[in-house]
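Here the chain labels run A, B, C, D and E in written order, and each chain numbers its own residues starting at 1.
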């Protein structure tokens, strides 16, 4: 058993060059446009959990979605899968807008699969590994060669030899193995996109790497696309091609991981990066940890104008005085993924860029 | 063990404590429904003619009475010097007022229509004379009907004498006791009328004490908490017999238990209704069934011998009217019964069940019993087993009272339990079996005829006995009526139930029973002989501190000690407790 | 002065699965005013160690060895003395603030409770005032004293726990996974607060976490535990940046350094399952998952010895790895 | 983080609310909403009780007049007069309307068997029931909670095992049977206590004598009642405490230096008690059950024995009224408990 | 690494079921009280089933009764006789059949109804869920004996109505339990995963919710049986049972209406009462043990 585990550890190193497998946009990609999800709360208030999001995930690329707790990551993921109805905007797969009929959803869910945070919870304790993996096949009425397909999925997820795991119950497996079973359950339907909501958050530190390596390998070898949701920027650094930073229901910065994480432009991203422990490479970009004041933002009370303004360190430090009126009144446009590789939704950033373009090389970042 | 505080109280007042399980519905004597209500009326008020200890009419408020030649006018001489319990004198005006209510007050008239319907006028020419005019001669109704004379000076103040205004306590009456206090579910207190014209009762008060369970009443009797208990079952009698200071009174009762057979569900105009089994129309079948019941066995097992096998509707207690069957009585003989049925062509099928001669319909009967009586369940089981030997298929079914009544009056049954308490005037019971009371509708709402029995000969006898003034001649007629019914067998009378009572003979002496020989204490009719004549015996007082005080003290000590110990241990333990 | 010292501490639970050696011979020292980090994955015995300090372990735990707090052995102390030492000598910030606070008492009362308990003659009012002051110390408005725990966010609750830990001015604070469940930003707030307190008040701090990167930020020194034993110990930064035990290395790799191309798209991880404490392998407990294991590892239990190649300054680098002790690299 | 399903037995009490509220999400739902939800629910239940009570008892077969005149021949005129007096000649809708308006104005009609306003009957008999089941319930709750606390705290000890076994044994005994056995032993063989009833008629009317007499009569019924019921509370309290016992906040309390019994008294027991509040009130249905049986065994002149007696009569108006009374009192008690719960347990305010 | 022979999923599943059953059984077996309860229960059930063999039915006949009236225990009648002279032992043995039958059938009915409503109410929710919840809450809060008495008065008395009535007053507890458990399961990520895999309601209910609810239902059913038996005996004792059948409650009803207490006829009162007590106790012991096995929250309890 240790030999197969080790092999999984070695493989990523062979293809470690950044974005070796080029994403295949188009046919099989998942796109969200101006997606909005609102929840009615008691007392008539409305939580705008997802408040205008444009996002693309194509096969062959890993997109990380990061942000604070409660910013709407899970809701976005659920909506992308059709588990939550959007109140505005569209989700499309391969260009086809998602329809919510039972049949259409079922067909859609063969293509787009979900991996949840807590593998122990995601497996029914009364189902064996075999049953758990075969469940998708049974739901979709795929009956031919069930054991073969299950075995194949398990071995692709790194559980080898698969037959040894067939009869195991979830509680007999370690956390990492459980998460592999969940992934195998998703892979058995041969989806093109995997949405993973905090896939390793509940796993032990040393075990995490294995699962991430698996995702990376699936991308490299099978051209699987993945949206990995996390609040851990380090994780994004470990596997993602692109990253989107979400704040209060909206993506505030988006772009290739190297750019966003090493040269963050949105004040929120900068703050996030700055509090990461022990990151010498960043010390130049953000010298002092910026600990944001205030509590978690509340999706039912999204401030007008720039939604980050109340906690913005730039505003607090008075560095944004020139654009403050815009921060207070002007809502920022939704970041469309197609327009540029690195996008930022910040008035200050925009002003500075314009300044830079107009008035020469006075780049702050 | 003495009652907690009975001892303290006994010195002042002699109380006669009687266990009861019935609630009082009303103290209005015109609306009596329950035995207990009847008893309180009987003690509080009086009638013109009262029922003697042996059920013979004797002077009550009237010292004399006279029937006119045509039997329509009755003249009563009212006793002088009788006072109401509030001190007002009782006069013939009060009597006239009372009878007047029966005639004029629509509600009271309706309540008592069987008697009041026959009244024409009630007058009091002077203070001691009362004249009653009837529409039809009816000597026995006039003499035995309990019309409780009420005080006009009180009752005329009631806006509606038919309502429960009459419940205002204390009651004002002329009887030996007056109801003074009533706590539902607890007790009814009647205080002795010291100025009673027939002499003050022996006890200062009579208290009906409430015991829902007879076992509890028995225990209370043993404990001296109650003096008279009734409605006992054989086991309880067994337990009480031979106990010191307790006398068991095992008296003949007025109640019969019977099986009603659905053989004739027709209305007055001959319309048939219901779904009774056709075979039951055949008297042979009914007689065979009658013969297959061992009544003595039922008396022995169900009543533990405390009763008599029944022959007719009038129980043995009313000796003069009771028909004992003589030679005509059918003895328990299953073989003979089987022979009867064989002869009549009811052959047994392969399953042993007999079938009807023509149609071949099996003799399969529904047998309904009141669900709330375990005695009936036992009887049903006995009878079913016997009848099974006759080749009858019996399905006993326990049914709610109300449902059973509905079904019975709708004629939708085959055999059903029934039972009545019979009064001293046989007209009432026999009247339920005349053609006159057959239903006119088939919806079962009239409920006047007990079993749709209709026999012209019986009816003729009935009319005769109603107006026959000579007691012996009348009894002869009544016995003949019973004979007819026995032969026709519309109803199988199973047994007469004894009244099982017990009393504290250390405390009570001198009670007059009804009948005076071997009679009953509770459930007396026409006059509360027992309670009036009961005298306190000289029972020695069990002085000293009552037991319960000691128990309370002991309990308190134990509790306090236990608390102290727990407290001390608690302190000690927490001082250095391992966590 | 040595504030806290574990001497050959062993803790063994007796459970339905048999005897579970949760802590196996730990020797550690914490000086006043310094911070010790304890790292290790789930189940390696970190919490057991922490709970042992105040003898809060369940009855099923058998503790041997010595735990000296200010020179006094906590394990042999009488109950009365122990209760007095609790919270005044050492206090604990538990991992799950939600569950460690009583949900039905107002937080002011909970913070004041130890004050009332340990300080003779203090009036409830004074204690309440002190509690409010403490809440302000940890950045909560004093009006929050009237709140119930559920009215606060996770970070705020954790700060309440910290305020409570400070209530009786203990010499030692043990923070058991004080930031694990928290969001990045809140975690940063809490860490800032804790390190501020340590420098300000000079208390000794034992900080427990599975996140080596966090410990490297806050602590002076870090001990890495595996299967109930310390496998590596040394200055915080060095243990994180330059591990001398394969397990520490794997643990460190789980928290990549952003901007470091070496860790870009190379998620570090450790194969295999965490050890089952009931059935530990012979020799080095880490051997089944070790990439650099040599033959000797299966036979002998490596002792915690100084390793060569470490920088001269600061506390000695010790590691329980034969390979590292020979100066070989432990990272693959 | 869990949502702190805060009850002894998650299943038997508040289920997670139907509205989707997230565990950690601080969805602040106000008292108003909570109150509305519960009061509304209770109101619906009360209406159901009111309606069903009318129709259920209307379905009892039989002519009430037969019952009133049991074993006595009745002429059709008398029958009609009685029907009119009882209002049975009214059309059904009229009876229903009278019933609804009557019940709402506390005019519960007249009993068939007592021919008195039912309201008076109830007022008369209520104290007896309150004395018996009140005493019994208080004793059972106190005893059950006290033992349950100790048993749970020292779980697995001889004390715990012994009390759980005793409790279960008594809990398994049919109430009426236990009552009969107790009568047999204490009243019949030993003769220590009266067999039944609430008072002796011969007791002097002054307050103390009456109180002593009632107390004396109360012993056996309360003993029976408590014996059967206390085990339920014992189990509730014990499992509620066991739920708390592993909690971290208790470790915190110990770490602060509290003594073991202080930890129990100040932290564990109050916390464990709170979720039992609704359970205790929910058990009120059981109180009614218990009092019906106990009152019948001991002929205690309360509402329970009135109910049983009325069934056999059958006294429809009384049944109707008692059904409404019993049911609505349990519904209102549970509602009260739920409202109370809001105030005493801050945890509930989190989830609404 | 072994190469395994091809396996059929079906046999696989059965193998695992057997295993998990064995595991539950082992967990159950470790509970002393549960085992005592089980033995007790088995003994009672065997006695009840064997009643016709042990005691001829003719012993229940009143016309063939040989004993005297309420005789105390003797060699011929080890537990004495009733008022007709039948053996109390025979009655008690035969009574077991009916009491158990009523208890079990009523429970089965209640459980079926309760589970169906509970699962659907929890899973489907919405208006239906609200109404189902209110309705079951309503039944839950109503005093069960009062409702049972009222219903019996209306429906008449027979074994089937008794069963129906007991089921009617006991289903609501199960509904609540099942609904709560359904909601818990519903909130589990594996349901989310199933949904994400494309599962419909039926699949979710049958494959995930029911299997997770059933063990608890089993445990609660085991605890419902005793309350059904107690309820039946109370009703019968109050005189609301069918007097023509022999159940423990009706024996006691006969005993008390025939003055067994007054007659000090303890042999008439004790056997049926003790029988009820034992059966109830046995079921409760089993039920608590099952609960401890299936409800992990309680598992720590029996240590």
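Keep in mind that, in the parts below, contacts are C-beta pairs under 8 Å (C-beta built on N, C-alpha and C of every residue); 3 or more make two chains touch, one makes a residue touch a chain.
Remember, predicted model here, so these are calculated numbers, not experimental data.
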item	value
Any chain that touches subunit D and subunit A	C, E
Chain at maximum distance from subunit C, centres defined as averaged CA atoms	B
Chain pair showing more contacts of the two, D-E and B-E	D-E
Central chain (distance from its CA mean to the mean of all protein CA atoms)	D
Separation of mean Cα positions, subunit E and subunit B [Å, integer]	44
Geometric centre distance via CA averages, subunit D-subunit C, whole Å	52
Per-residue overlap in subunit B, given as positions that touch at least 2 other chains	213, 215, 219, 372, 400, 403, 577-579
Touching two or more other chains - residue numbers and ranges from subunit A	1, 69
Residue list for subunit E, restricted to those that touch at least two other chains	153, 239, 256, 261-262, 264, 303
Contacting residues of subunit E [partner subunit D, same complex]	125, 129-130, 133-134, 137-138, 140-146, 149-151, 153-154, 173, 176-177, 179-181, 183-184, 187, 216, 220, 226, 230, 233-234, 237-240, 249, 252, 256, 261-262, 264, 266, 269-270, 272-273, 276-278, 280-281, 284-285, 297-298, 300-301, 303
Contact set on subunit C toward subunit A in their complex	41-42, 153, 155-156, 183-189, 191-192, 210-214, 216-217, 237, 240-241, 247, 250-251, 253-260, 263-274, 288-289, 291
Interfacial residue positions of subunit A with respect to subunit C in the complex	1-2, 5-6, 8-9, 12-13, 16, 18, 68-69, 174, 176-177, 204-213, 216, 231-235, 237-239, 257-258, 261-262, 271-273, 275-282, 289, 291-292, 295-296
Of all residues in subunit E, those that touch subunit B in their complex	61-64, 69-70, 83-85, 153, 156-158, 239, 242-244, 253-254, 256-265
List of subunit B residues in touch with subunit D within their complex	1, 3-6, 8-10, 15, 17, 23-26, 33, 107, 110-114, 117, 164, 183-187, 189, 207, 209-213, 215-216, 219-220, 223, 225, 255, 372, 400-406, 419-421, 428-429, 431-432, 445-448, 547-548, 551-552, 570, 574, 577-579
